[in-house]
Amino acid sequence: MSDVTIPQPTRPWQRKRQDVVRSAVSIGAVGVLSLVIVLFTGFAGVDGWAVTVFLVSVLLIIVRGRKMSVKERGNAKVQLFITAAALLAFAPWISIFGSVLVKGIVGLKLNFVTSDMRTTVPDDELNLGGALHAMLGSLLMVVMATAITLPLGILSGVYLTEIKGRFTFLVRFVIQSMSGVPSIVAGLFVFTTYVSATHGPTAFGGSLALGILMLPTVARTSEEVLKLVPDDLRSASLALGARQWRTTLMVVLPTVRSGLITAAILGVARVIGETAPLLLTAGSNTAFWFNPLKGPIASLPIYVFGMLQIGTEYAVNRAWTGALVLMLTVFALFFTARKLGGKDKR
Amino acid sequence: MSNTSAVLDTPEQAFAGLETRDAHAWFGKHHALSSVSLRFPAKSVTGLIGPSGCGKSTYLRLLNRMHEFIPNSAMAGEVLLHGVDIYGESVDPAAIRLKIGMVFQKPNPFPAMTIRENVISGLKLAHIKIDNEDDLVEKCLNRAGLWKEVKDRLDASGGSLSGGQQQRLCIARSLAVEPEVLLMDEPCSALDPGSTLRIEETIKELAEKITVVIVTHNMQQASRVSDYCAFFLSDGGPGVLVEADQTRKMFTNPTDTRTADYVQGKFG
Amino acid sequence: MNIVAPIKREMHVVHSRGDKVFRGIVTAGALTSLVILGLIGSFLFARGAQVFSQYGLKFITGTNWSSSMEEGIPSEFGMGPMLVGTIVVSLIALLFAVPMSIAGALYIEFYATGRVRKIMSGLLDLAAAIPSLIFGLWGIQIFTNFGQRWASFLGNRLGFVPIFNTISDNYGRSPFVAGCVLAAMVVPITTSVAREVYSRTPRELIDTCYALGGSKWGAIKTVVLPFGKSGVVGGAMLGLGRALGETVAVYLVLNLNFRYTFRILESEGGNVASLIATRFGESSSEELTALVAAGFVLFLLTLSVNMVASAIVAKTTRS
């Protein structure tokens, strides 16, 4: 019996060195040709470059394609188009991330998070004033909105999955429909009812508008998360003699605890960047106080919006910095939700 | 395990042109197939048999270069078609797959196409011009044993057929590009016994013109349908070729005791 | 031999007191949600009905939106241009967004490998989380330069086409530019949905295409695109729903103007949401009611689009 010598595993289908070299040469050729064309015709800016590179690449495929079969040529052309369109789709976001970072970090000094705009004018230099009031305002309104919405949303989810009473269809239908409410319409509703009745924008009004937008999201996510709990779990608990309320509180809900927290976080992440409804219900301010019923209140989105409207150089800088803080907050929330989402015990 | 190679063609039975020399396959670090050397006889049915998990399907996928679609896969050795290594540098894998076709375990006609469109889909994908579409469709469906049942509803959706009919449609589809070899990966395991028998008849008819290599874990099927058999086995390590010979001999008087044990049902 | 049919016995579920309290609380919670949300819907509907009975269909088709504070001069409220503006801007957005989304989804799913794929996937998820305000900020501060250039290119070279015809030379704050910004906003949603659908294409169908000797594009064209068709449509409708209700981004980019116009390169236009945002501040109670009615119309529009979208998405997940 002879021992088999095991050869080295190979991947003959992978790109070889000469393929890589050939690609590099092609890319280089495209680059050089594009440079020449841009200098010649004066196509401006990033988009001018992009269009030139694209057209030159098409030319290259047509020239090289004479050696390829119809099928391969079509494949290569399509690959180019898809890659170009995909890059085009991603370009705005990369531009947004980049510009918010670059333009926002200029104003991100310590005073930005420690002081407010009571004594500063937007046109002052960036080491004066800040957005503390806006951040606290957003925080206050979001906390209030969550305090109202989270219990209601979870209860609705529990009703739909555990109790399934007479109103199930109606509740689900209304929740589904209202999740499509445009944010401005929600703000308008609170404006014409609560705010008009109490004469003016308040933090509480703002939190009502945000709550209207959060409630369908929290309710639907809660229902989905609860639906994922297998019925065997409930059956096992009931078979042990536990009552329904015990089953729900001690078996079902703890199982989906992180899912429910995720629902809350996603709801918050959605409304924390909302501008339009707050425009109508909370107004804006240069300072912050804790009383939610007393007068208008600043919030981070309104801060950014307001600074942008003013339009002078320093004001716009402040707007970018506010946008940076807002974006970082939203991303932090999403990362937390993502990490929690994987922690449910099944 | 020893290094077995088998030459199934004989002076009486011509060589199909397809052979592997010392073929290995890996999935990542896992060595799945070790040193398989086999020469396939032409215009016949060769069955690849053995317990599940011994690398038969992996070996099949080496033959038409489908193995490389699995991430982190690797191979070694040679797979030769008419003397040319199909893993060679200048070889176009798509062209190989036109000559070596494959039918999969689960019948999978293209759901968005009619029966007629399904049959010619291979030619459309390969950008091959079709001279007479109707003739070609009828010819392929006839060879697959499906023509009589569907000739009046060629424009019905591919998914409207029963499981056995769908699989025969897949066979017709593979035949349309006129391969020399047809690989079949447990084509009947998802079908009922009636459909299975009909497809086995079709396979035997096909073997009059082309070479068929069929993976099956059903020994009775192997003895019904195949002219030659290759027995694969794994002892926890990579799968190896234990023995390959004419089917009758493998089942009545095998050389290796492991083969004897397997065909007598002592394991697997 | 007669077999007597068995007599069915009634089975009651009797809840313990604890359970009754529990069920009561939960039902109360659900009903509160129902009431709150239903209240909004009925409020919108009531105001809407009120305004429609007063102004009739002219509310939708009329072009004049003027609030009159004086006695004797009636106010006229016609939201036509705004409604058309909403639809025009959203359609422009969809026109750009859908092809880019399909390409983006195909690229991530079938062309990108390893690390590139993970990075793009992560970018996609992050992009879906960007608040619309930031899109508006980016739109007015950075994108307008590009958008202006492209709009002027279209206007100069293709100006003979009616929708590209312009009177003025100021292309910056046009529905075209607003549509582009909205497109950037919609693309994350539609790309995520498209990618989700494409990733569920049965692997064997794709393998079969390769086994028949096809190329990657052949496999995509034959199997992936038909398979994902309805899912992509559903995703597009979701994106459309978002675009229709968008306020801030359009408000920042567009000059509000009350004229029916299909000239998308002209610096005028508007949408219903920015109408509300602009006029709510100093409006009379009469105008306020009209604004609510306009909001109701917008709500109906987004609601129907979202319902169609959910129906389509539900159908694809079921199959």
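Here the chain labels run A, B and C in written order, and each chain numbers its own residues starting at 1.
One rule holds for everything that comes next: a residue touches a chain if its C-beta (ideal position, glycine included) is under 8 Å from a C-beta of that chain, and two chains touch if they have at least 3 such contacts.
Please read all numbers here as calculations on a predicted model, not as lab measurements.
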| item | value |
| --- | --- |
| Farthest-lying chain, centroid of Cα atoms versus that of chain C | B |
| Result of counting contacting C-beta pairs for A-C and B-C, higher pair | A-C |
| Inter-centroid spacing, chain C versus chain B (mean Cα positions, whole Å) | 50 |
| Rounded Å distance, chain A centre to chain C centre (Cα mean) | 16 |
| Junction residues of chain A, two or more chains touched | 71, 74 |
| Interface hub residues of chain C, defined as touching at least two other chains | 214-215, 218 |
| Where chain B touches two or more other chains at once, by residue number | 94, 126 |
| Footprint of chain B on chain A - complex, ascending | 1-2, 4, 6-13, 16, 69-71, 74 |
| Of chain B, residues touching chain A in the complex | 1-3, 22, 24, 26, 31, 34-35, 65, 68, 73-77, 87-89, 93-94, 126-127 |
| Chain B contact footprint on chain C (complex, rising order) | 202, 204-205, 207-215, 218-219, 222-223, 226-227 |
| Interface residues, chain B side, partner chain C - complex | 64, 66, 69, 94-95, 97-98, 101-102, 104, 106, 108, 110-112, 121-122, 124-126, 170, 173-174, 177 |
| Residue ranges of chain C touching chain A (in the complex, touch as defined) | 15-16, 18-19, 21-23, 25-34, 36-38, 40-41, 43-44, 99-104, 106-108, 111, 120, 123, 125-127, 129-138, 140-143, 145-146, 149-150, 184, 187-188, 191, 214-218, 241, 244-248, 252, 273, 276-277, 280, 288, 291-292, 295-296, 298-299, 302-303, 305-307, 310 |
